[in-house]
Each structure stands twice: as C-alpha cells, then as structure tokens.
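Quick one: the structure is below, questions incoming.
Chain lettering (A, B, C and D) follows the sequence in which the chains are written, and residue indices restart at 1 in each chain.
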C-alpha cells in the first residue's frame, strides 16, 4: 500500500500511549507491553503519577526500543491522578510544567535518549483545550524550556485552544486522534459520561486507525466524516484489554503497509 | 590586600547559602536579602522544600543579580525537611537526584540563567560524606546529568567520601567550609548536639571567613589550625540574624580586598 | 458592665483563631501567643497544614490553658494551603472530613482535652458558605462523626448555606464574625481582592469586637448596621501584628466587662 | 473436630489480612474478595496507603460482613509503602500513630462499626518487633488513644519487643502467625531476601493453618516444632493467587470444624 498510496495519503503514523503511571509500589497499565506497541511514550512526570524510578525505567526501555519520549505534564494532584481542573495562578502553572519538563528530560537523557515532545495529561489536557489562560500557560512553559536547543512540539487535540495558542507562540503543534473514543459531528469527543463514549469493538477501533493512517478522517457518531488529519493516534493503556487492542491496531496498520514511527524521532544513542 | 596578597593567597572567594526553602504558603529564611549577599545559591529542588514557583522566583532574582544557581538535591522528605537519612535503594536515589537536577535546570534556564553545580542537602550531605554507596549514588546522578554539555561540579565537604568518589568519577569537586560551625581537630564538624557546635559571635564568624579567604585554614575548637582550602563559604540562611551576619561577613571580606564571586560563573544573559 | 448589661446584651463571647498551621519545619503564626488570647483553637488537621506533632503540641497547650479545641477541616491541598476550591465528588469530601475529625480528636484526647467543634478552612469555608453540595458534605461528615457521644457544632458564617444545611440536619450551628474584615451592606465579606477588605486600624477592630460582644451588630462599609449576632469572633493569626492586635482586642473586651469564654467548654481534665 | 477437640485445642481462630492499600486511582489486592475470607481487616490509615475514600469503603464492607476493623498504622511513607524504617523522634511517631488511629476510628464509626485493634505495618512492624524505643512509641500511642472507652489490643508477633513492651503498659497483646512465611528454629521469620522465605505450596500453607488452629504450633524450616500459640493467622493479600489461597485456607479450616471468628468482635450495628 505504501508504494501505491495515492497522493495525500499517509504511509506512516505515530502511536502514542500514557506510560509510567504507577507510583511507588502501585502500578497502572503494562508499560513494558505497551512500549512494544507504541512509537511515542507520554511519560508521567511525577505530578499525577510517575516517580523518578518509574520514569527512569520507562525511559530506558523506550531508548532501547527506539520509542520517543514525551513529557506528560499535569496538575500537581497525585490523589486525583491529575483528573481535576485545579484553580491555579497561571504563572504557578507555568512553573509546575517547566519543572516537570526538566525532570523528565534529565531522566530521559540519563537513559540514553532525550525528550522530544510535551503532552498535557487529564484535566490539564481538557482545560487547555478550551481555556485560553490555561492553554497559554502550557504554551509559555514549553516555549521557555527548549531541550537540546530546540523548542518541543506539543501533542494535542486538533482545533483546540491549546493548538491555536501554541501555534501563535511559534511552537510546533502535532495533532492526535483517539483510537477508541467516539467523536461528535462537531469534532469534539463525546464526554465519557455519555453512553458510547468509548468504543469497545476492536474491529471498529482498528477501522478508525486505518482511516486515520490513510488520511481519511474520522467517522463521527452520526456518520459524519470529520476531516481530521492526525499525525499520532492515542491508544489507552490502562483499560482492560488495552495491550491486546493495541497489538491488533499495530498489526492491522502494518498489514496495510503503514509504518508505525514516531512523529519526533528519538535521538540515536551514542 | 588583593594587590599585595602573598603568593598562594586567595583574592576571591565564593559565598553560598541554601535558598528557596519555603513550600507553598510557608517561607524559611529571607531569600531576597540573601541573594544580595551570596554569589552562589543552593536552590531547594522540591524534595525537602521548594515548590516550582519558589524555585522560579529564586532563579529569576539570582539571574538578575549575577548569582550562580546550584541544585540542592535532597532525599524526598518534605515532612522531615530532608534531615533524615532515608534507607533507599541506591538506584532509586540516583533517579531522585537526576529528576531534581533536571527540574531546577529547566526553571533556571527559563529564568535566563542556568544550573552550574550540585550540592546535597541535609541528611544527604551528611550521609554522602561518610557512606560510600550514597556518595556513589550522588556522583552517578551528577555524572549522568550533564547540563549545557558539561558535567556539573559538586559542592561538598573537603575530605569527605563524596569528594573522593566524585573525583574518581571525573567530576569536579569544589570544597566548602562553614562560616559558623565549630570544627574538631580532625577536620570534622562538631555535631549540632554538642555545645558550641554553632558559632554565634559575629566577630569569630568574620575572622573565620577572612582566614578562609586568605587561605589560612580553619581554627578548630582546640586551637589547631586545619589547612582547609575552601573555594566557597557556606552561610546559614535560616537562623535568626542570618542576614545581618551575612552582610557583616561580606562587608568584612570586601573591606579586606577579597572579591566575592561565584566559583562557577552564571551564564551571561542573552 | 456585666452586671448592668441591658437585656439581650452579651456578657461573654468566644474568640477563635486558626492554629497549628505549620508543617514540619515550617511555622505560620505564633501558636503559643495566640493560645494565650483565644478561647477556641481552630486546629489544622493535616490536609492544608498541621502535622500530627504540631497538632499534638497545640492540643496540649490548649488543654493546659483551658482553650477549646476545634477541627479546622480542609480540602487536601498542602501546596495550596487549602485556599483552592477543589472539584471533588461529595462522598470523597465527606470521607476526607471525617478522617480529619477523627485524627484531631485522637490527638486532642491524648492531650487531655477533646474535640468540641468543627470549622471549615479556607476554600472549604467559602465554598460551603454558598454551595449546597459542599455544605451538605461538610454537614454529613460532622453528622456521622459524633465525639464523646454528641454531634459537634459547626462554627461558620451566619446566613451561609452551610449554616442552613447543617441546621436542617440537626446540627448546632455557631455563628462567627470577623474582627478585621470589612462587611458589605448585604452581610457578606468584602472580597480580599478589593481595597479596604481588611481593617488594619486597631481602634476600628477593637470597636468592632466591642459591638459584637454587646450584641450591637456590625457596621458595614457604607455605615449600615448589620444585626449580626455572633457567639464567636475570628481573629486572624497569621498576619503581621496579629498577636498584638489580639491582645488589644482581648484587653478591651475584658476592660468592658466581657468574659472571654469558649462557646463549647473544653472537658475538665481528669 | 470441634466437639472432640482435646483440652487446650482451639476450635476457633481469626484470619487477618492487610486491606485498603490502594491510593487514589491505584489499587492493590482485592479488598472485596478478601473481606469474604478474613475475620479481621488491617485497614491502611493513609500513611503508607489508603485514602479516606478507600478506608470508608473497606469499613463499610467490613461492617456489612461482620469483619472486625483494625488500624494498620505505619510510618508516613507513601512512596516507600511504609516499608522503610524511618529515623524519627519517638514523640513524633507517637503523634503520627495516634493521628492514624483516630482517623480510621472516625471512618469506621461512620461506617456503622468501630475500631477494635491496632497492627503496625511493614517497617514499623519489623522495627517495633526488635527496637525498644519504636515499640514503646507504638504502645504509648495505643495507650493514649482509647476507643469507645477501652484500650485497643495490639496484633503483633509473639515474642517480639513490641509484645513485651505493650504488655508491660497494660495493653492486650494478640499473637499472630503467618500462613505463608517460613520460620527459623528460633521462632523468627526467614528474611524475604533468603530463598524459601515465602511458602508457595498451597498444601503446606493449609497444613500450617490447620496446625495453628489446633494449637499445634509451627514447623520451622528445619523441622523443629515451635510452640507458637497464635490467636490470628495473617494471610497476605497482595500476592498473585492470594484470594484463591485464602479461600482454600478458610475452606480447610471450616472443614476441620474450626470457626473463623474475629479475636475482637465487631460491634453490633445499631
């Protein structure tokens, strides 16, 4: 398919998942298995999950497998797993995010790789998608934390306030789509509180991913085809069957001639 | 004195103090006043004290005043202020320290300066001074976290296990002496639990600092002169009268022709 | 004045202040001095401030001086000092508050006193004053945590949603007024963000307290007299000059023949 | 067997397990399943694991099933899961433990049951078993925190320093034995770092429990029979197969005519 792909069709796509979301004795999801599936690892930075030992371990495995490391920055909220929008002074939020980026960068570097992108987690992802001041705080933090001499791209929802604000600041914005979330006709995600918000049928998830890789957009819940162009597909890692589903997605993409590759390549180990 | 200083005499010395040791609403010491006195700021990294907003503020003021920023890495122990030697797997300690170095580096860079050295805090300072495996963990963490392409020097006690281990790993070790702590004839600090451990007489503290700047060593409690060569003098910032004492020390050194300057110059702001 | 007080006039009033708001090495306010002024101590429970050692120390001093101990329950938010309204499932909030009540009760009991009331702190105070579901969570928590066989009263803002909801659940509600906060003509506090929100003139603060003790209500910013009946006056303990101001208030009240006494007497030590 | 049990033989025994050891989004072990097996629940108190919502949930289920609630008090060490012996001032440790006892008591009471015993967790269990000052801190905390008018018994290792110290303070000490841990001939547990420390053979675990219920002691690794009399058997809940093993133990005990019952009955719900 790669050779015969018509003009405009992707022949490669990135798969990303949230990783390193344990803390101390607690684990969440199967990091090792997912690192065999994805090409980009959104590594928890210690604020919603992820202690330094876990971050180091994920970074080492990612480095070993050529998976790119990103910092999944979050509100400081271990007890709430970063899922609560915390009222914060924007300048404090900027500092919190900068701190997390630096922390994960140092561990990534020590693991023989580096940090290549930033993705907000949970409530920060959702709030930055709609709130100008939160989006601006995320963008300012990334803009003031160049890594290896370059500003990091932000992985986020296409069409979001964060995507617009970050672009306006000169940051590279990488669009992602969700493998297993239902979309409304307006391009927004169906809220998790509504029935059908999460797609459980593996065949439907695989079909979604094949369309995305082909650049054919997303079919919304009412059949509308959304012209979403996503450079990365987000797989959920902490749901039952996540690993099996991820393996199916990857296998189907590869069978269709799609190359799974990070949107921001990891540095070659010295 | 600078012009007429005999061969081997210092004409410049560094003053360092622990800064950024508040947390949230709580403060400790007068960061702003101390940043007008010292040439090197040991910035708390969030593990014993120091939240990202505090770190950012200290780094900005330090950048503005030409004070060099160092990372004062610690055991993860907010409730104990990093004063307890925590039993830890050395590899976990390495990750904890690397995380802290990266976090403060990112905030220092965002503040227009950078990170120029590492100093262990509290129990980590004391344990790394005597325990081979802890010292090795500190040295490994610093060795795996080059900043701006160079390994950071470690500010520590001359003659300590950490000094030896870090040197053996190829790290630069910078020796410090304490302005207001009594020394035993063997070169060790008199434990705080003993009477006279802390020198409260300003004249004695100033005399100590003048001797150190002149390269004349330290007078121990029994009168023995210890041939300590220290490139930096540690001022305590959280004791009553700390600021006044620091001002006296600085004024006396300058009056004696000694230049107060960081052992590792801060980068020039672009 | 006590003997000649006209019908309806108070001859006694309670003074309360927030205490135990340090954490580990950090302190906030002068607990010891304030325990010589107030009759009721709102003891931080560890969620916004206050570690068990601090709580124990405050309870012991309170027991020694006959000061009544209350639990100042809060959102779990050390970094934000409980000043942020956190989005929470109400049932989680109920559990958080119950936990705090039990924790302080055990330390109060161990100190030879007991726990006699609950007061929400910071954002929880403000939110419970206006939000039905948060107020209900506070009331449910108190209602499910009887101490020594009796339900604890809630110290709160008269006219607030919490006051209404708690009363409806059969809880005793004790009204408090603020010694140094400006009131709007509608009985609400002037927000801190507005000029004049805090009264800094000691004479005005003393006059406010004398009126409250006499049952003469509060003079709002526009001169309106609010018919507030408060059984307790809240003194702020963490502002500069707080202790001196508190001493002036207490002295003026006593000089006017008002007895300073807890609204809920502490148990007699066995 | 119950009817024909020779003089001195138990016909009832308690089964205990550590429960409520999740935190926020993280879980550990299967609380619900274990609450169908054990008669006593060692509930984490929030210092090594267990947030108030989790504690409340475990207490409610325990109340519903007639399982007795105990407080599994710990060092304050979420990141280390309470498995590290932390250097602490004993008086601080006393306050920490008292705080935890009160917190769990309040939630247990709110759940319609109460708190009936205390068991130290992890490093505190091990340290209190051998260190006089730590054992004394645990005993003092329990002695100063009577619940419902009575001092709580301490569940601990027979022959330990804690058992001796607590008895000397007039506390009831309840001895426990481990279902799946190898014992040395001197009655101590084989350290986990040694091979064979944990018994994985279900038949051997069941045989151990049947002996304990019959008062026949424990067979040590070298065949020595230790005359341990244990009123409670500790089942591990966080190991793979823990639930199945617990079900086998319970079934085998019941088949042998042994009644599984708490050593300290839960209060009858009003």
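The working rule: contacts are C-beta pairs under 8 Å (C-beta built on N, C-alpha and C of every residue); 3 or more make two chains touch, one makes a residue touch a chain.
Computed from a predicted model, the values in this text were never measured in an experiment.
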By label, the chains that touch chain B as well as chain D are A, C
If you tally contacting C-beta pairs, which comes out ahead, A-C or B-C? Let me know. B-C
More than half overlap in residue numbers between the two sides of the chain A-chain B interface, or less? Answer same or different. same
If you average the CA atoms of chain A and of chain B, how many Å lie between those two points? 39
Using mean C-alpha positions as chain centres, tell me how far chain B is from chain C in Å, no decimals. 43
Averaging C-alpha coordinates per chain, one finds the centres of chain A and chain C separated by a number of Å equal to 46
Contacts with 2+ other chains: residues of chain B: 51, 79-80
Which of line, ring, star, complete and other names the graph you get from chains that touch? complete
Taking the touch rule as given, give the residues of chain C at its contact with chain B in the complex, in rising order. 22-28, 49, 51, 78-81, 83
Counting only contacts in the complex, chain D reaches chain C at residues 46, 51-53, 55-56, 91-92, 94-96, 98-107, 109-110, 141, 144-146
Would you tell me which residues of chain B are touching chain D in their complex? 76, 79-80, 84-88
